[in-house]
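Think of it as A, B, C and D in the order they're written, each chain with its own count starting at 1.
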Amino acid sequence: MQGMTLIVKQVTKLVSGFIFLFAIYHILLGHISPGGGFVGGVAIGCGLILLILSYGKEYFNTLIKDRTIVIGFCLGAIAFLLLALVGYCGGTFFEDIWAGYGGKYTILSGGTIPLMNIAIGITVGACLVCVFVALIVFHQDLKSAKGEE
Amino acid sequence: MFNHSFLPYIMAFVIFAMGLYTVVCKKNIIKIIVGLIIIDYGVNLFLILIGYRTGGIAPIRAAEMNAEKFINSSVDPVPQALIETSIVIGLGVVALTAALAVRLHEKYGTFDTTKIRKLKG
Amino acid sequence: MEKLLPLLVAIPLFAAFLLPLIDKIRNGSGISRFLAPFVSLVLLILVFRSLASSEVTYWVGGWTPESGALGISLVLDKMSSFMLLVINVTAFAVILYSHNYMRRYTSESIYYCLFFLMVTGMNGLVLAGDIFNLYVFLEIAAMASYALVAFGCDTEELEASFKYLVLGTVGSSFIIMGIAILYNQTGHLNMAQISLNLPAQNMAILMAGAFFMLGFGLKAAMVPFHAWLPDAHPSAPAPISAMLSGVLIKALGVYTLLRVFFTVLGMSFEFAHIFMVLGALSMVIGVCLAVVQWDFKRLLAYHSISQMGYVVLAMGVAGEMMISQKLSIASLALLGALFHLMNHAAFKSLLFLCSGAAEYATGTRLLKQLGGLKHRMPVTSGCLRIAAFSISGIPPFNGFWSKLIIVIAVFQAGHYGLGALTVLVSFMTLLSFIKVQRYVLDGDPSPCVEKAREVPFAMGLAMVLLALICVFAGLLLPYFKPFLLDQAGSVLVQNVPQVIHLAAGG
Amino acid sequence: MTVYIMILAGFVIFASAVAVEAKKLLSTVISLGAAGMALSVIFLMLGAPDLAITQVVVEVLCLIWLIRATGEERDATFETQRDRFILAIGLGGGGVFITLCYFAFQSLVGFGEPLMNLSNQYLQNDPEKIGAANYVMAVLLNFRGYDTLGETTVLLCSIVGACAVIRKIGRIKDAGHDINS
């Protein structure tokens, strides 16, 4: 897939950093301000999709391979499940055994909540990019098949 | 008696019914997906209306806020959590339908359900 | 056992998360092919342990209730353990069968991933004690099944999957609307709490009931909402058809209907009568459409609608008898419903597996192209014959006993017309399966069957396992009835005071 | 407040109607986006900032997916003649549905006065104890974390399913017996 014009690429370069900052802010501080892992994950996904659209898929693949995306969402989901199982080992399933560890209204005060938010963020972001990449690859193959005919 | 405390609920159900109409009556796959999204809007709107308390504040407790006052003025957080889940499920449905739609378009060259064999009716 | 309860969900979930990773390494299909039966076996052992335990409630997150239910609860009562048994035994047989059958398809790891997600969804669904949690797990199972129906990526599979997805999603939306109304009325999400705090029957509760009826009825493929089933079930790969017809419509449709209408909302005369009418309609229309089919799997799919009609009819009769305080008949009808549910899981998945085996060996599933299968594939033919006898109610097999119980219960309840209809539908089922045996098994081998060979060992093993259940479940009924079926029924019957209260309010 | 909500909900209905009846796929998708944005404003007004952000972000993503899925047909017009008969049936059916619901609404708990039996118990826990001052997040990941696991699984499941559906070759044709022979 071809990238877009130079203007788009420059604007993307300027904007994408802020998008990722927005995403990370929401993921890390989801427990004390509006936001959360899901929002952050979708924002990460949107940022990566913006990169794919403006720079083209080939350039994007030099940064992140398709295989990495799949591994990303699997590991994210496994991490979430393991965090639940940490509670299971220390008491009951999904018990927040580290709650109130780091004082009040800080990142650390959430116990497992910020960790779970990070896991959800990775899972969701990778999932959304994965299906977008699949759609793009499908259309590319379709086009090349038509070209051969 | 005309009790207008449930008027907003009717709006939510109108959106829901509109989505149903789209899914049942429209003959285009993309329109059907749009209908599913609209149904989702109706459900989400209904859920958030259920949880609202007149003059309520967002369920985020600032550091200096009094606990008693917060409990008596916060809106209901549970429907919001349910909506979050519902939105995610809606997103998943859209992803899967979009993939199926693309695949069907490749096989038939059209989004028109009347030209696709089994999707009639 | 209490400690092990979350593992029933966590183990298949972990396997499902791991399998896409395995797909990315070399020879991933081979690894997942051997991993899957192992995971399923572990689940089966857990389920057998759960059968022995008493009723337990597990509070997720350690939020044990102080003044009311706070967190989500996992409830293992006899009804849940009965459903868990049905689900996991069928899943084990199907996974054994998939070992060879799925080599025809690409990305086997992804297939197993989706399969375990479906099992997770159903296990979580039957364990859920919280109505929203039930919805979430229902959605997992449904979403996995949408994708699995289209797994072969052929045109008709995609179409069937799309239709199934659209109707299924509409059903789910109705369910969540019903949940929202219940939350509005009671302010609770735990099912027991909702049931305790439900206001006297008013229009809103009635609307919630209607929405649940629509939503779960769509999942259970009761007759006005059955349009997706005859497309979706035959299109899927054979093991998945077995899973969908054998277990999924029961867990997502019938079990949820039982839970919601008996435990949460409480039965009322209106709902009981609607169940009876819909059940009778499903029975008759399903079997009438099945008799004229020439596609083997499509015929079986229509029979699923018809057999689910029996279960729903028995449910309706049980509800009606519960309200009029004839508890012995109510428990008999529920016993019939649950036993038929279990039997249907055994023989219908066996039938689908046999049709898959025939397709595997000969490459066709049209009845007219098959023929003389008993000369070439003795094991498959034997299993198919047992399953056909079983579904059409020939005495020593399990289908006969459950149908007998249902017929007796319906007659005792005084619905003579419906009882006669039930017997008539059973005869038509027999007719339809005589046709199947005549065209598939007997006669000289047709050109397609001529070069067919017996299916590989794992597939045969899975079929024999289910055939044994078909043969012995009916005969051993007196042995496992007291600790399995009776108690499962009594879970539902115990809510009687609640029901009477509601009936008086409406 | 009710009036503002009604106006915004009316806008959602209007935009959805445009989306349903538009003749171009692209205008359908864009007016759907407008409806989603109005819904997110409603969320913000009803005290749900989390949901407002989520709705906006998800809306954008849905638009991108749908535009990508429509591919080269996005500029094509369709449905040149509208079927008035079906529209009439749809309007009639919708009217009956809303009327039936109208009777049921009278016994619903009114807008603005939720019961909150369950949520009062949630709100009584201190932020230090549950680890979150944002109670929506506390409900999502602490009290009802099990649901959120399910929710993430649904998303993962649909994505895995979508990738499975979209893969090029479904069956290995020449394994065992040839199916076409």
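Simple rule for what comes next: contacts are C-beta pairs under 8 Å (C-beta built on N, C-alpha and C of every residue); 3 or more make two chains touch, one makes a residue touch a chain.
Predicted model only: the values in this text are computed from it and were never measured.
**Q** If you average the CA coordinates per chain, which chain's centre is most distant from that of chain C?
**A** When every chain centre is compared against chain C, the largest gap points to A.
**Q** Counting only C-beta pairs in contact, which chains form the busiest pair?
**A** Summing C-beta contacts for every pairing gives the maximum at B-D.
**Q** Using mean CA coordinates as chain centres, what's the chain B-chain D distance in Å?
**A** 3
**Q** Starting from the mean Cα coordinates of chain C and chain D, work out the distance between those two points in Å.
**A** Measuring from centre to centre gives 29 Å for this pair.
**Q** Nearest whole angstrom, what separates the Cα centre of chain A from the Cα centre of chain C?
**A** Measuring from centre to centre gives 36 Å for this pair.
**Q** Give me the residues of chain A that touch two or more other chains.
**A** Correct list: 32-34, 36, 38, 42, 73, 77, 81, 84, 93-94, 96, 104-105, 128, 131, 134-135, 138-139.
**Q** Going through chain C residue by residue, note those that touch at least 2 other chains and give them in order.
**A** In chain C, the residues touching two or more other chains are 13, 17, 20, 60-61, 132, 136, 139, 143, 146-147, 150, 153, 158, 161, 184, 189.
**Q** For chain B, what residues touch not just one other chain but two or more?
**A** Each of 19-20, 50, 58, 60, 63, 78, 84-85, 88-89, 91-93, 95-96, 98-103 in chain B touches at least two other chains.
**Q** Is the way these chains touch best called a line, a ring, a star, complete, or other?
**A** Contact pattern: complete, every chain touching every other.
**Q** In the complex, go through chain D and note every residue touching chain A.
**A** My answer: residues 49-50, 52-54, 57-58, 60-61, 64-65, 68-69, 71, 127-134, 136-138, 140-142, 145-146, 148-149, 152-153, 155-156, 159, 162-163, 166, 168.
**Q** Of all residues in chain C, which touch chain B in the complex?
**A** 132, 136, 139, 143, 146-147, 150, 153, 155-156, 158-163, 165-166, 169-170, 172-173, 176-177, 179-180, 183-184, 189, 227, 231
**Q** Which part of chain B faces chain C closely enough to touch in the complex?
**A** 16, 19-20, 23, 29, 32, 36, 39-40, 42-43, 46-47, 50, 78-79, 82, 85-86, 89, 92-93, 96-97, 100-101, 103-104, 107-108, 116-119, 121
**Q** Could you list, by residue number, the parts of chain A that touch chain B in their complex?
**A** So the residues of chain A in touch with chain B come to 32-34, 36, 38, 42, 104-105, 128, 131, 134-135, 138-139, 142.
**Q** Show me the residue ranges of chain D that touch chain C in the complex, using the header's touch definition.
**A** 100-101, 103-109, 114-119, 121-122, 142-147, 149-151, 153-154, 156-158, 160-165, 167, 169-172, 175-181
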